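What follows is a short report on a single structure.
The chains carry the letters A, B and C, assigned in the order they are written, with residues numbered from 1 in each.
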Amino acid sequence: MIHESAMIGKNVTIGKNTIIEEHVSIGDNVSIGNNVTIKANTQIGDNVQINDLTVLGKGTSTNKKMARKPSTKLDPLIIENDVIIGCSCVIYRSVLLKRGVFVGDLSSIRENVAIAEDSIIGRNVMVENNTTIGKRVTIQTGCYITADMEIEDEVFFGPCCSTSNDKYMGMGNFVLQGPIVKRGAKIGNNATLLPAIVIGENSIVGAGAVVTKDVPNNKTVVGNPGKTLK
Amino acid sequence: MIHESAMIGKNVTIGKNTIIEEHVSIGDNVSIGNNVTIKANTQIGDNVQINDLTVLGKGTSTNKKMARKPSTKLDPLIIENDVIIGCSCVIYRSVLLKRGVFVGDLSSIRENVAIAEDSIIGRNVMVENNTTIGKRVTIQTGCYITADMEIEDEVFFGPCCSTSNDKYMGMGNFVLQGPIVKRGAKIGNNATLLPAIVIGENSIVGAGAVVTKDVPNNKTVVGNPGKTLK
Amino acid sequence: MIHESAMIGKNVTIGKNTIIEEHVSIGDNVSIGNNVTIKANTQIGDNVQINDLTVLGKGTSTNKKMARKPSTKLDPLIIENDVIIGCSCVIYRSVLLKRGVFVGDLSSIRENVAIAEDSIIGRNVMVENNTTIGKRVTIQTGCYITADMEIEDEVFFGPCCSTSNDKYMGMGNFVLQGPIVKRGAKIGNNATLLPAIVIGENSIVGAGAVVTKDVPNNKTVVGNPGKTLK
């Protein structure tokens, strides 16, 4: 079920029951699993691996109650060379996965997200829209990366971290802003980051900490509420 | 692969490799993705959108060790008009999704759950059995909504909240009861709610709080263990 | 799409669009759903139930930045009698699921994991590699079980617990070691366990606790950081 307008490179293997829609382009030496759906206009580079049951290039949808209406016009999903994507992932339109990015099984990445070279998005990670993730970042299994967030190069998130971008929780009187995590910061597992806080360069957030204020560079914060160690 | 006993309305689009079992009924203007399974007796209204790789109307199963045996007799799954369901969801029998409900990708809703009009179930949310969710409720990405829980109208759960219903953790000497969250309450991201506690109307639970006792109406609770602010 | 080298027992039902690769063996009275992929060499016993959209026997993959390179040689996935596996699961090669194990929907189990008789792996649970799980263990929905972890018999994990195995968060100067949870211990929902700690026999970790040190046998620990109650 490959649409006749799709452009497929050399040495591409395509699994069973896989659907490739119109104007998809796929480079050389790409491997695609079973039951995959690659939606219209998705662009895939060379040496890419896409595992079973993944959906690439999903559009957005919305219901009556949602604050933010989806963009009506979204760019295609672009997947650069050497990217690996797991099983049962859902990746939206207007996402850019740069060279060497790894996306684990059961992960989802929403629209208007860019992830830079060689970063790791673990299994079961959810990335919301309008977020940028730098180079060589590790986001371990089960993290929730909220919308409107900035993650600089070489940041490390341990498993199950939670972030948020809405100080007033749906009351609508706050400009949505996720946390800003500066270069080289390390966040321990199951930590909680509040909206709009800044985690400084090379700072460390302890496992289970609840960070309610900005953390300066090169500091360690632990506890609930998070306190900076001397 | 549409069973001959299924009733399909006007202007319905059905994706590739989708399986529709016996006695399913589908209204008008419905869009169904690829690799979807709609199990026997499921009832779907008008203007419904079901995305790729979703399973609707799953029965229950159990192993030797499980405390609660599944009901042998379950009603069909009912999906009312204007509902949107994401990719890779699993929704069980005996669930009622009322008009305008939105269910994000990779979510799962177990049996004997009712979700009222226009509520949002975010991506990767797990809802357990025997729980009721009111109107215009928002449950953000990655929340865990336990069994035997009551969520009233206009409640807001931030991402990654966790709830539980078993005080003695599998020892069997406790009537299972999840938290009761009253109208308009707002729960911050990654908060933890213990079994059987009541969160009062319009109360606020801070991000990362661990709520071990009832919270009166119009109060704010933060910290671990959660303390009510004056 | 059943490979001619696969060995299929008596009274086996196989859903639509399901792919069974070379040298798979399947026992008697097995039920397999729609859109399932069973990869090469997987061995399945009698009375097993595998639900829709699940992938069995996945190999590992890696990118440039990952610390641990995958084993090049992995044993097949072995599933013993009476095992039940949900929808949209991903289970890797070199996993052993012993008799009567239950795996919920949307769960994933990585390579070199053994799970003993009658244990329950809840929905949306992620189990990392090189971990052993004993008999009659309950791991509730949404838990993250890290790599290099030992869970003894009859342990109970409430929902959404988080564990980690890397004290220095990717800096590479620590032998990776997950927590060790002794027989009969009970972990409350959304608790956080740090690397290499030991939770003693029959001890209790409160909901939302952050456990940074070993817990002796028969003790209860609560809070952040976790403190042992007298």
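Convention: a contact is a pair of C-beta atoms (placed from the backbone, for glycine too) under 8 Å apart; a residue touches a chain by one contact, two chains touch by 3 or more.
Note that the structure is predicted; figures quoted are calculated from it, not measured.
Peer 1: Give me the rotation angle that lays the C-alpha atoms of subunit B onto its copy subunit C, rounded to the nearest 5 degrees.
Peer 2: 120
Peer 1: Taking shared residue numbers divided by all residue numbers at the interface, is the value for subunit A and subunit B over half (same) or under half (different)?
Peer 2: Mostly different residues.
Peer 1: What is the distance in Å between the mean C-alpha positions of subunit A and subunit B?
Peer 2: Going by mean C-alpha positions, subunit A sits 24 Å from subunit B.
Peer 1: Going by the touch rule set out above, which residues of subunit C reach two or more other chains?
Peer 2: Correct list: 17, 35, 53, 88, 106, 124, 160, 190, 210, 224.
Peer 1: What residues of subunit B sit close enough to touch subunit A in their complex?
Peer 2: Interface residues on the subunit B side: 15-17, 33-35, 49, 51-53, 82, 84, 86-88, 100-102, 105-106, 118-120, 123-124, 136, 138, 141-142, 156, 158-160, 186-190, 204, 206-210, 222-224.
Peer 1: Using the touch rule from the top, collect the residues of subunit B that touch subunit C in their complex.
Peer 2: Within the complex, subunit B touches subunit C at residues 1, 17, 19, 35, 37, 53, 55, 58, 61-66, 88, 90, 106, 108, 124, 126, 128, 144, 146, 160, 162-164, 166, 169-170, 190, 192, 194, 210, 212, 224-225.
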